[in-house]
Every structure is written in C-alpha cells, then in structure tokens.
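Both of the next two complexes hold chain A, though its partner changes from chain B to chain C.
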Partner chain A sequence: MYSRKLPYLLLLPSALFLCVFFLYPFVLVAWQAFVTDTGELTSEYFMEMATHWKFNTALINTLLLALAVVPFQIVLALYMATLVNGMKRGRDLILYIWTIPLGISDLAAGIIWLAIFEQTGFLNSFMQSLGFIEEPIGFLGYQNKGTIFVAIMLAEIWRATAIVLVILVAGMGLIPKEYYEAAEVFGASRWKQFTRITLPMLKPSLQTAMILRVILAFEVFAVVVALGGTNLPVLMGEIYTWQYDLRDSSVAAAYALVVLAISIGFTLLIMWGLRTPKGARV
Partner chain B sequence: MIVRKSLLTLALAAGLSALGASAASAEVLFWSTQGNTVEESQAMRDQVLSGFEAGADFQGSESGPWITRIEAELQAGSGKIGVLGSLHGSFISLSDGLADLSDMDTTGVNSTFLELGKLGTDEQKYIPWMQATYIMAANKKALEHLPDGADVMALTYDQLIDWAKNMADATGSNKFGFPAGPKGLKHRFFQGYLYPSYTNSMVSQFRSPEAEEAWNKFKELWSYTNPGSTNFSFMQEQLLTDEVWVAFDHTARLADAFNQRPDDFIGFPAPAGPTGRGFMPVVVGIGVPSTAPDMEGAKELISYLSQPETQIATLRATNFFPVVDVELPDDMPPAVQLSGAAIAAMSGADDANPGLLPVGLGDLGGKFNAVYVDSFERIVLGGQDVREVLDDQADTLRALMEEAGAPCWAPDVASDGPCPVE
Partner chain C sequence: MAEINIKQVAKQFGGTHALHSIDLTIADQEFLVLLGASGCGKTTLLRIVAGLETATSGEVWIGGHRVDKLAPRDRGIAMVFQNYAVFPHLTVYENIAFGLRMAKLPQAEVDKRVNRTADLMHIENLLSRYSGQLSGGQRQRVAVARALATEPAVLLMDEPLSNLDALLRMEMRAELKTVLAESKTTTIYVTHDQVEAMSMADRIAIVNEGRIVQAASAVEVYRNPAEHFVGSFIGNPPMNFLDATALGDGWWDVAGTRIKGPSVKQNKLQFGIRPEDISVHSPKTSNPQDSPSATIRVLEPLGSHLLASCKVDNQMLRVVLDSDASVKAGDPLHWSPVADRIRWFDPATALAIL
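Then we have the complex of A and B:
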C-alpha cells in the first residue's frame, strides 16, 4: 500500500484546489493591476492609486491599527493562556467562554460596538442616566477620529484575541513538564520560568499566531466600516470603494497587491524574528 | 444529522418552488432598482401591477446585483428579464442592449424626460416612468427661528445659514442636518444644488472663483450643521428623532417623516444662490432589453405603467411622482402632498435653475460623484485649502470628462466635444 508517491498523491487535491481558487485568481488580479485593456504593461494604475489623496491616510491608518492591536492582543493572549493552563478545574469552560467572540462575524462585532458608541447608544445613555453628561456625545463623528480609532481597536481586540489564545494554549500544552520541574528544583521564580522556558518554547506557536493576526489585521474591513464609515479610510475599504463605487477594478487590484505585499513582508519579518534553530526544536 | 437533513429539505423545497415559479412565468419579469424595499415591492405588486392582465412579476434589487444580472443576460444573448426599471444613469451603460421603443404611444409624457430617454441616440431607449427630486424639510418648531424677512418657500443660501445659526444659538445644538453618511446622497447636493446656484454650472466652472465662494458658503453652513451628519444617510430618521430640525434630502428619504407626523413637518424648496435656485430632477425610466423573452408583453406592461391611473398608484406605492400629465387626487398620503408642494414651488420658481443628473458617463458615474464627495471631505471635513483642492479635483474631473467624451448637460452650456473644465 505504502509507496513513495503516496504523500504527494494525498497532497495533490489540496494543491489543485489552491491552484484553481487561489493562484489562478491571484494571477488575474496581478494581470489587472499591471496590464491595460489593450494589453500593454503599465504602472498607470499604481500611480493613480499612490497619488490619490486618500492612499497615504488609508495606508497609515491600516499600519497604525495593526501596530496598536496586534502587540496588545499577543500580550493579552499570553496572559490569558497562562491563566488557563494554570487552572485545575473548569479550564475547558473558561476556554469556551473566551472563544465565543470568535464565532461572531466581524461585521456583527462592529455592529455590537456601534450600538455601544453611537450617539444614541448604550455608552451615551448610560453616562446620561448617571448624570455625567447632559447631551449625548458624538463619539464616532468625523471630528473625533481618535475615538473612532479606539472604538475600532476595542472591537478588534474583543473579537480576535481568542484566535491567538487558542493557538497559544495549544502551544503551551506541548511544552514538556520536565523543564518546569527542573526549573523549580533550581528555585527559578514563576516569572523566570515564563521568560526562560515558556516564551522560548512557545516560539513556533507565537510565530503562527502572529502571522495569522498580522495578516488579518491588514485585512480589517467590516469593523471599520461599521464604526467609522468613511471617516477612517483603511486599505481594504479603499479596495471596496474602487471596485464597487468607482468601478475601477484595475486600481482596486493595485490596492490588493499592496495589501498582499505588506502581508508577505510582515510574514517574512515575523518568521525571521521568531525563527527557531533546527537543533532547538522539540 | 438532523441539521443536514433539514438543510436538504430546504434546498429541495427551494428548488421545487423555483420550478413552480418558472412554470408560471408567462408573466413579464419586471427587474427594478426602484421600489426594492420589502414594503415598496409589496405595494408595487398589490397596488400597481395587480391591474395588469397578462401579469407581471416585480423583482426589486440593489443596483449592483441589478446591473450584474442584466449584463449577464445580455452577454449570454438570452434572458428572462422583460422590463427594466432604473435611474436614467443606469440605462446609459446598457444602451446597446436596449430595444427601440420609438413606436410606443407617448402622448402626455414629459418631453424633456422623453428626450433624455433617447440617451443621445435616435432610438427611444427607455420611457420615463416616474420622477423625484431633492427638497428641504423642516420641523415646524424651527420656523420661529427663521431670520427676519425670510420666506421659507423662497430662501437664499445666506438666509439658510442665518437660520441654522439662529437654531444653534437658541437650542445649544446644531439643528441643521445634511446626509453626509456613507450611503447619503451628498454628492447630488453639490452637483445639482450648490454648483448651479453659485456657478450656473456643474462641470465647466468647477474650479471658478464662484465655486470657491460656494464652498466657503457651504463651510459656513457646515459650522452650524449637526456634527453627526457624517453618519446620516436617510434624513427622515433624524427628523423623526428631533435630532435635526431642518434637512436636505431626496423626497423618498423624507417620506417616512412626512407620513408619520404630517402636522409637525413642512417641505420647502432648496435655497437660491447668485445664479438661481439650483435643483436636480431625478428621472426613473423603464426599458426593454433586447433579450426580453416576450417583447410584446413587455411593451404592454410599459404602456400600462404609463397610464395616468397607474402613475398615481405608483406614486402611492413608491413616493415617486408621475411623469405624465395627471390631476393628483386629494386623498394622497401626506408625504406626497408635502413634497408635492415643495417640488411645485421649486420647479415653478422664477429663478429655478435645474441641473440634470450626469449624462453620458457610463461606468465613470461613480468616479464623477467621487470628485464632489472628495472635495467635500477634503475642504469641509479635512479643512484643506479650497483653491488647492478645487484645482486638484478639477484635474481629475477633466480627465474623467475626456475619458468619457461626455458633452455638457444642463445647466452647463452644450459643448461639441467632452465637457471642458475651465
């Protein structure tokens, strides 16, 4: 039954699937971004994208959001994972509860937070009923870009920390107990155990979690649309606008390639930054 | 397992009902971007189309799916859609796929709109179906704050600004509202109201000194405008919550306010500027795709929809106004009476200066709107220099007009080539 070819045969369906549903559309998108209707190679679409007045704002907003959200999520998830792993009873229950937001679509998450921050939302009516404010505050108005940013940050952290948590909890389960026992014999503190054993041994899981989160952070869209409308442009929102409102697939394709390039760039950076030498793998 | 089973049943049922529907499809399929909310669709079926003997299947849709389906049918060379209903602008990109309706009886139909329906060709590409426009609405509480000597039925932009300021001073919050949300129709205000009122133009005078003045006036108005406006898309909502007292919007987007509390609101014409009272009539047309399965049935449906009685029924169902000469009965809903009065005062004003929806832009309509929206976001929201923004956006606009090759439309003076941006 077993043959050298078997693994490749088993991989074939998924490889084919990726070729048809990822590689082929990707080539089409790249073609759209670089080639005109008449078949000439052009950088015109990239120029149009880069010189558009919203491009820089969208790029900076996207990067800032990723920078503000991802590190916070990693630290939070590390802390939560340590708590979960230290629990003797009810570990699964807590894990299930913490991962509930994972089951909610990002648009729904955006709308939940919109209901909180709206001018007629929960936060305003709560503060009004306690007498902190007299008139409702327009948290999400165009002049409050800062609050919009914070609201999106909160929604993203609430929604997507769980995915990091799940990966880290699984990763921590893989660390052999012997290391900790040895550390305790030598009298290492909990903090020292965390920094010297957990963190280094967790590198592969951290790597996966960060790559996943960073890529998702650059694709942030529905939450931003729900909370910020057009007040806080991000790259994904611009792709949507160019494709559907401005009906220019070529510039939309150029934007898509920019998102792809940034994602690949950060993936390589994280892989390099958190690489584990071959001999040190468990 | 149970879930899977019920899903299967559901899929089967859906398949069966689809079969049933196609079996009974001697009806003409009426594919429309208008009347696409559940209530309006139901009203179209029950009150408007129930009198059509051959039977019509009304299907409302958002404009994206609408265009995708008809384009697909035209490309395939065969289809199910019998009659298309949509805004003037959406027909332009379909022009080649529309059957000629020149042989239809169009007596009584508004001739300006009929001309628009030719889409610049010799053929009648669509027949005007109904019309609407954008007006102003005010809560009666706001009227006491009108500046001295101002007549609400004949306001100027300066008076509107004073009014907004008076309301802000008196109430402590900005009571003027503007639909600047993501789905708001703000671009139509700049194209059809502000520009014609100050520059007597929509395109050619885009970066003129008069346009600069117009934007500065609008900035002044904005300083007394409810800051939540960037989230407002249907002003009837904010009028009904009293968040806003005076607002500009499409008649169909004010109708709920008028209908729910007819005694609390009035409708009135848009203000006038130095070059008249700019306003934008919106024309909705009905056309027949060349792929219609039953050409005769489709044409019958169109003549049915053009009859005065059907036009009045349509008005009741959708809040869009007739395009044929009809006498409106007295028992129309409040929204019709209130907006009807405003429209009559606006189009009948001595200084009326209509600006038409963009013509001949095809696919570039979205980018054309973006020029005005971007100018608004940069000048008003971003506080950028008016002159610089207008110069910059004028380049984009010029490139667009040249790419589309679209000649000028009212109120711009007709041009030979693409409409020039001076």
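Then we have the complex of A and C:
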C-alpha cells in the first residue's frame, strides 16, 4: 500500500483548501490593488492610499500600538509563566483563570473596557464617589488621544497576553529540570538561570508567540473601534472605511497588502532575531 | 582542605524513609563511592550533599562549614549528572566556561582553564561544537570538563558512566581515575555498578534500603562483608551462603561436614564462602568426613574459569573451577573451603560474626 506518493496525497486536501480559501482571495486582492477596471497595471490606488491624510496617522498608530503592546505582553507573560511554573499546587486553576480573557471576543473586550473608561463608566463613578474628582472626565474624548491610546493598550494587554502565556508555559515545561540543577550547582543565581537557561531555551516558543502576537497586533480593529471610534485611526480600520464607507475596494486592497507586507517583514525579523544557531537545537 | 561530614542525615518522602540517619565522613581528597541497587537512596544522599534535595533532619559539613542551609551555588561544589545536562544552546567551550563565567573570572583565566580541562578530557577539537553534535561519550567528557574547570574542592558524580556502552565505560573509568587523582578534589561518586565502584574507589560505602551497611576499601568489602547483604551484592557470582548447625565447642555442621567456627551461643549460623575460595579434590584423595560432596547442576564456561552451580544439601553452591577441569553436569564434586576466607553470619541480624 505504501508509496512515495502517499504523503503528498494526504497533504493534498489541506493544500487545496489553502489554495481555494487563501491563495485565490489573495490573488484577487492583489489584482484589485494593482489592476484597473480596464485591465491596466497601475499604482494609482497605492498613490491614493498613501496621499490620503489619514494614511500616515493610521500607519504610525498601528506601529506604535504594536510596539507598546507586544513587548509589554511578552515580558508580562514571561513573568506570569515563571510564576505559574514555580507553583506546586493550584497551577492549573491559576492558568485557567488567567486565560479567561482568551474566551472573549475582541469587540466584547473593547466594550468591557469602554464600560470602565467612558464618561459614565466605572472609573469615573469610582473616583467621583471617593471624592477625587468633582465631575466625570471624558477619557475617551477626541481631544484625549493619549488616554484613548492607553485604554486600547490596556484592553489589548488584558485580552491577548494569555495566548502568549499559554505558549510560554508550554515551552517552559519542555525545558528539562536538570539544566536548572546544573546551572544552580555551577553558581547561577535565579536571575542568571532565567537569562542563561530559560530565555535561550525558550527561543522557539518565544518566536511562535511573538510572531502570532505581532501579526494580530497589526490587525487590531474591534478594540480600537469600541474605545476610540474614528478618533484613533489604525490600518485595519482604514481598510474597513475604504471598503464599506467609501466603497473603494481597490484602495482597501492596497491597504490590505500594506498590512500583509508589514506582517511578513516583522515575521522575518523575529525569525532572524530569535534564530537558533545550527547544531544548537535539542 | 575539604573534608565532608554527613551527620545523622535522614530523608523522608511522604511516609517512606529514603534515608535512615546516615553518618559518614569523607576525608580530604578521598574518592568515595556510594554503591547500591537502584532505589536504595544513594542518589538522594548525593543530592542532599549537593543541596538539590533537602534533608528531613541532620547536618552536612563541607570543609569545616555547615552547608545544609546553603543554596547549591554557595557550597563550593561541582557536579556531573547522570544525563550529563550539557546545555544544548551553548557551545562546548561555553559549557565548560559556564561555572567560570558565573564566578565572573577574567576572560584570560576562563580561556586558560577551558583549554586546560578540554586538553585533559581530550575534547580540545570539539570546543566550537554544540552538544547535539556530540556522541554520548563526548558529552560525558564535556560534563566532566565543566565540573573540573571550576577547580572544585568537592566533586559529586551521579552515575556518570551509566549511559555509556560497556567498552566506553571501561575506557572512561580508567581515564576518570587518572584525571581525578591529579585534580586532588574530594569526590563522591554514585554508581550501581560494583566493578566501577571497586576499580575506582578509595573507599566504598554500600547503601541498602537507606542505610550505609559498610564503608571500607574494595578488598575489605569483598573479603570481609559486614552483612549478609554485602556478601550477596558484591562479587559476581556472589558469596555462597549455607546453613550451619552448632555441634558445640565452636564446631559447626555445614552440609554434613564439621567445620571449625566461632564459639557463640546461637544454634544456627550462616556459613559464607566466595566461589573462588573453594578448593576441589578428587574423590580418591579426600576423606568424606571433611570434604562435603556436592552435585554439579550447571556448568558455565566463562573463558578464564569454569563456573559450576552445584546442589549441596538442597542448597545452592557456586564454585569457580579451572577452565580445563574435566567435569560434567551430574558429577559429584568434593570441596572444602579455604579456612581463612570463611565468614560467619548471624541469621537473625544478618550481621557478620568475627
């Protein structure tokens, strides 16, 4: 029964699936972004996108958000994973509790944080009842871009740190205990054990977690819409606006390609930055 | 100077006693082997000295300082692990340098020590490799080099050779012995392999069910086992044990023969003799009174000698015969023990009687 072709045959369904539902739409999008209705190759959609006044703001906001959120999430998740792995009892319970936000959609997460920050929200009524403020503050007003940014950051960190945590906890569990014992015997402090053993041996998990998070960070949308409306434009929001409000799929497609290019660029950067030297793999 | 003192160290895991109040002193520069079957507590004892395990009670002193409350890194020890624990993400060089980097030695000194220990362990050409590119034997060498590079006062080795194949193990055994003799460290070495223990140790501590039953030189534990267990554990084949019944005046009946033994009150003793401490006579020259007869059941030609498993008085007796002895299964065998090699054991306590 076994033949050389069998593995390829088994891979065929998933390959077909990817072609139909990923590659084909991708080609369509690329076509829309580069080709006019009359079938000529053009860069006019990209020009339109890039010269629009919101493009730079959206690009910078998206990059800044990713830059502010992802490193913080990685550090926080590393710390949480270390705590969880050091626990003798109740480890699973804590892990379940910490991963609850994973079960909440990003729009719902945005609305939860909106309920905290809005004019009549929990934060305002809390501070008011304690007498810290006389009247409610409009945290999310258009003149307070900084607080909107911070609120989105908080919501994103609350919502999506758990996925990093899960990946890192699994990765840490794979590091044999004896390496820590050896490091301990040879004089490494707790901190040194973390930097000299845990971090380097966690590279593959860190790589996965960071790529996943960075890609998702560039696609941030619902949380931003819930908390900032259109006050804080991001790339994904612009795609939506161009597609549905301005009814111009070609410019929307151009935007989509920009998001794709940034994602690929950062993925390659992370893969290169966290590469394992040949031979150093376990 | 790093004498190790283990004082009344006990360890319990839940309700089970892994170690019962161990007292042991290892002299400066001594090579002590902890020998025992798996699960006897020898590794636990080593890990307590290392600080990787905490004793339930008792004290550990190294070089005149009490260390049992200290972290492993503050005890001035180095260790070789059973599975080597060579860091896969570091090169051989950085593995050997690990302890030196932690001690923040200057790069020149690190370089000097790494190169010296690498030369010593014959891995100087592997320094830029990663552990994944090494064989088991090479990894073992890296693990030993890493430990020696820190020039430790105390070196702890946990079954370091058990993952190597037989030939490599023999080679490494001799090499380790030479290297460690030069390094002048106090060494505790855990193994379940008695040949390894006897060939390397200054002194062997035999561990059984959480107790040290005898701590003495290789020859001493072999010739004068302190307990029935030691006689049956050390030696391949192990010591023979036969029931002895008192005849009075220090004479004992062993399988139908009168043998001079200790004058003690007990009625029953166990007579112990090593298979090679038995002499065999031809039937004509022997007097049936003082040479008991056994029946050969199985013969195993082992090259250097012939091992005969015999039945005597319904008990098992193994005898080492000359490799060209002309005997066959079913033959009677007239034997007598070499008088000064006999050991007597109290069947109630299993302890040897002198």
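As a convention for this text, the second predicted complex is superposed on the first by the 278 of 282 C-alpha atoms of A that agree within 3 Å, B and C clash if a C-alpha of one lies under 4 Å from a C-alpha of the other, contacts with A are read in each partner's own complex, and residues count from 1 in each chain.
The rule is short, and it goes like this: a contact is a pair of C-beta atoms (placed from the backbone, for glycine too) under 8 Å apart; a residue touches a chain by one contact, two chains touch by 3 or more.
Remember, predicted model here, so these are calculated numbers, not experimental data.
Annotation: superposed three-chain arrangement on chain A; chain B versus chain C shows no clash, the two fitting side by side. The wider contact with chain A, measured as residues touched, comes from C rather than the other of chain B and chain C. In the superposition on chain A, A:Gly141 makes contact with chain B only, while chain C stays out of contact range.
An angle of 160 degrees, to the nearest 10, separates chain B from chain C at the C-alpha centre of chain A in the overlay.
By the touch criterion defined above, A:Arg247 lies against chain B but remains apart from chain C after alignment on the C-alpha atoms of chain A. Of the two partner chains, neither chain B nor chain C is touched by A:Asp37. Annotation: superposed on chain A, chain B and chain C show a minimal Cα-Cα gap of 42 Å.
When the two complexes are superposed on chain A, none of the residues of chain A touches both chain B and chain C.
Residues 53-54, 119-120, 135, 138, 140-143, 225, 229-231, 244-248 of chain A touch chain B in their complex.
Within the complex, the chain A residues that touch chain C are 176, 178-179, 181-189, 192, 196-197, 200-201, 203, 276-277, 279-282.
Partner chain A is touched in their complex by these residues of chain C: 50-52, 71-73, 77-79, 81, 83, 85, 87-90, 98-99, 102-103, 129-130, 132-133, 146, 150.
Note for the complex: chain B touches chain A at residues 64, 172-173, 181-182, 227-228, 230-231, 241, 243, 363-367, 369-370, 374, 377-378, 381, 392.
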